[in-house]
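The following blocks contain the structures, represented as structure tokens.
Both complexes below contain subunit A, partnered by subunit B and then by subunit C.
Moving on, here comes the complex of A and B:
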């Protein structure tokens, strides 16, 4: 415990909390979960022994969307208190089996699903994408990461992005089987040591190839690489930012009409946490035929899909509707044909919600790159 | 209570495409991920829980090359106090019987009240080292243990038998138990935890240190040896359903209905 010796409240300055409750008020899971972030902060400052939190499974309900941190008038980061408590639980080994499996998978195989390392680049086997390790410095590196490498649904997003990059004649490479998980979710599940290990492994390759720009599939990876990787000099962009730049520079334009009424779901790690609200919308609007209708809760007020912060590996204690189901129902009420999003976790949770609410005939969930690919006349094949 | 836990480092094979090597007696382990044998992980956790309740020490022992320090160090991070590696080129080819002799030779010099092993190993699945070791050390033993209670110098253990039966036994300490998976929920071992024990010394002993001769271990000291390893030939009766996801699902439901799998 030496590394974590400084107690949580001191480390995160929690004594300056004024208990105003804006954090809990803004917390998307507080409506359905016993998790009360304001109370967690208070208790952590007055309790001698933070082990009282160890049996509270709701500590794992937090999706780390960070609304609390954005709204805190004292500039505190309540979400980091949750992650800090998880760190303590991880250090004592007292965590749920599904979380252990995800961490073990990332440790042994470089991905939290524990899929084989040598199958990481299988999605790209017919695409002849250059090996980034053999490219000259100063190029574009596409950092695919785990969901897009292994999940059949998200593989379609990666393939669509390749279609788009090729249409704009971008020369880029991937790390293939040498890539490992960015560690974003690992860190949020409280495994700091493993996050550092994964970061070091990826940094070894980044340092070798010195890419000018790293483009990520997921906002979670973008956030980790951009804000948490130490010593990374490359520009890190989410694909929505990179693709919008290509359009602005006149290197990419859409030639196929996609007549569709859609709404856009802001991923928390892209919007709230990194302020990228406009680029995905700009890409959307540049596809001919697209009519964009905004959610009532959009941009900074966007409702979290519950896929982040390790929740892909933990169902959560909350009762009632999943927030992704609320999102789908809202979209149906707005009369749109599809929800467009730009994050693998949002894509998966929203699509699940379409199925669990029995609305498969009425509404689709489409990734922004899939839509862009359609705008180029290439319909992505989703099995 | 002083406990010794015997642990093994094995390749993980669930996700791997296995290849039999040139000798036709082993698999090609290049590119495979190794970790602690699953059963042994439960045994280490069982030892830690007993130590937490009763006090005492835990020594973990593993037979094998330097790479085995990975699993020993992991056990130290988990809560074991000492680790010992038994290593010698002469150990190569040891079967369960020879392996038990190697372990017995090391254990007789270490004070202990209880010895734990996993029921079996993930790789060659003999399931014999634990019970052979008990015989050699002349200890009472119980195999397939799913619950342990200690009262004084007596252990009450549950054993998982076939047909869903559960047997309850009492044993006098010192004793040996082979631990079944599911007896507990092994705790997570963090990377920081492993780093914290990175400098802890792990002892190593060879055939001479253990007072054994080369004839007693390895192939020469074994009662059995592997003749050949092969994949069973593909039999008949399997049907691969082709088509799109929907067609496959439809065809599968039809078959299940026809053959009484579902109503």
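Moving on, here comes the complex of A and C:
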């Protein structure tokens, strides 16, 4: 926490910024929002009082996709300046009610929707998944996290992953009601202290069971556990990586043809931030009948869906067309039947965009694990 | 009970309703006997406010000082000492307001007075009981005291009527004397006015909410008409606010408002989890949707699987008919 007391520009080395503008040039929301990340960096180094940012709603437009950090020739992380400003706003209580509710929910109930703690594992009640806390050390832990635990749409993804893991005869457990939010979104909304609390709570259980591998539903959780959790020795994998390993090791193969022309949308937290581009595509291609056509903007250039960085709870300026709608229209032009993705937030935002653009009859949004489940002859359905 | 003290609450030179609500309740508890004592802290320039108070209290104890115009917790706590030493009572009422929630705990701690927060009713037959709600209003708790103890209550705004308060011939007792101490740790800066919104959907008892099923901005009046007939307001799901058919302030859901009306009528709303999170606390949820598989039906108490353009006009007509 001592680091935090340093002023933002010093802490993030922002004085070394050469103002080249590659960050803004690649920023997906700068197409539509007044957010100019290059300018934010400049201003934060010359302004004496950073309170001037507090009334700028566009600070909340940032989805923390981190394109700016990939493109920066100086190796800076402009996105962290945004998160730093949000930290200051949270610290001084200058935040919207929707964010307060999300933080409050995560604090009291361990999930940003404030849903009951004892209903966290309800999605799995008929699946007889072992309690990870009673397993021997060195096993596989499935870290479900909030969206997959509570959102009926994303629960289908969790169930599909269970189908796939069982087909490969993987023995694994879940933490059930003892699991709390990974804190990734909480941190990006600027509540570092709460993030640390959630981390400690999860770490208590991780230390107890010492899993060999932790598999996550969401790339956001994977990123947090892998790159931000201190002292975690376990290997952390997104399900796409784990499932591809199972296929490579010959433990899993798909027996049902799924004849479908699809495209794959790279989630920012999986691709841009963790370099996982190939594994989800490899899984896709190993399902018989799947024809993969790439988006023009794919891999490092993938267009963000705007679901991350706290955007599920805070809309920012709300100016301009949603990028998820752009994505759906691009996909329609390519003539695919479905957009496949591997992140709960991408799934929700893209599916919403299919509805708001009125294309429900023409295109579907399917999670990679739902597709994999179909490749095993099990058609997943929302209850 | 013989004596009840009520702390007057004022903001921006206006006596707030909660003050009269508490004075009214104090009179009711004393049933014509005993003494209602109003406690006033304020600036010399605010002396005029006392004209509204003195007619409703047997005694008004006022401490006027040039630095007490706006609420400052530390300075007010010190000033309160000056008046409270002159007051003997069994029950002290303060508002369960931003002011009272800050002030009352400090007073309770300092004077070691048993303290009950967010009280919705008070009974004073043989013993003194404060009623407060628990578990989001599902349970009422009755808090009682050992005989002979005082009690400090913060009272929920709106729990008691602010009208028809008995008038008594009250005396005014002004207290003077300096307050000393360093109050700089927390000082009054400014009042920030809440932005003037269009309609505050979080305060509505009846909400008619529209989703994508409304198809076009031109169709919003159909929902508005039903809302008007019911005495409610129109809200919407995110896609409707996205398309600017209704202002963002009307959006219900995780990135919009959380509402808990008595009745929530969802028209053409599929009910994604993010929308449900903003309205599932409604007492009664009525959903109209063409799609029987729409998730909204999983939480609706009443559901109509049909075209909203057929259902809503019929509903509006029936409501108008019943309401005469």
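By our rule, the second predicted complex is superposed on the first by the 378 of 383 C-alpha atoms of A that agree within 3 Å, B and C clash if a C-alpha of one lies under 4 Å from a C-alpha of the other, contacts with A are read in each partner's own complex, and residues count from 1 in each chain.
Convention: a residue touches a chain if its C-beta (ideal position, glycine included) is under 8 Å from a C-beta of that chain, and two chains touch if they have at least 3 such contacts.
Everything quoted here is computed from the prediction, not taken from an experiment.
Peer 1: Could you classify subunit B and subunit C on subunit A, in the superposed arrangement, as clash or fit?
Peer 2: clash
Peer 1: Pick one for A:93: touches subunit B only (first), subunit C only (second), both, or neither.
Peer 2: first
Peer 1: Answer with first, second, both or neither: which of subunit B and subunit C does A:152 touch in the superposed model?
Peer 2: second
Peer 1: Subunit A residues in contact: does subunit B have more, or subunit C?
Peer 2: B
Peer 1: Quick check on the superposed pair: does A:108 touch subunit B, subunit C, both, or neither? Answer first, second, both or neither.
Peer 2: first
Peer 1: In the superposed arrangement, does A:355 touch subunit B (first), subunit C (second), both or neither?
Peer 2: A:355: touches subunit C, not subunit B.
Peer 1: In the superposed model, identify the part of subunit B that clashes with subunit C, out of 73-81, 181-189 or 253-261.
Peer 2: 253-261
Peer 1: Where on subunit A do the contacts with subunit B and the contacts with subunit C coincide?
Peer 2: On subunit A, the overlap between the subunit B and subunit C contacts is residues 97, 114.
Peer 1: Please name which positions on subunit B make contact with subunit A in the complex.
Peer 2: Listed in rising order, the residues are 12, 15-17, 31, 33, 35, 78, 185, 187-196, 244-245.
Peer 1: Enumerate the contact residues on subunit A facing subunit C in the complex.
Peer 2: Residues 97-98, 101-102, 113-114, 150-153, 311-315, 318, 322, 348, 352, 355-356, 382.
Peer 1: Please output the residues of subunit A touching subunit B within their complex, sorted ascending.
Peer 2: Of all residues in subunit A, those touching subunit B are 2-3, 90-95, 97, 99-100, 103, 107-109, 114-119, 191-194, 196-197, 383.
Peer 1: Under the definition above, what is the set of subunit C residues touching subunit A in their complex?
Peer 2: Within the complex, subunit C contacts subunit A at residues 212, 238-239, 242-243, 248, 254-258, 270, 272-274, 277, 295, 298.
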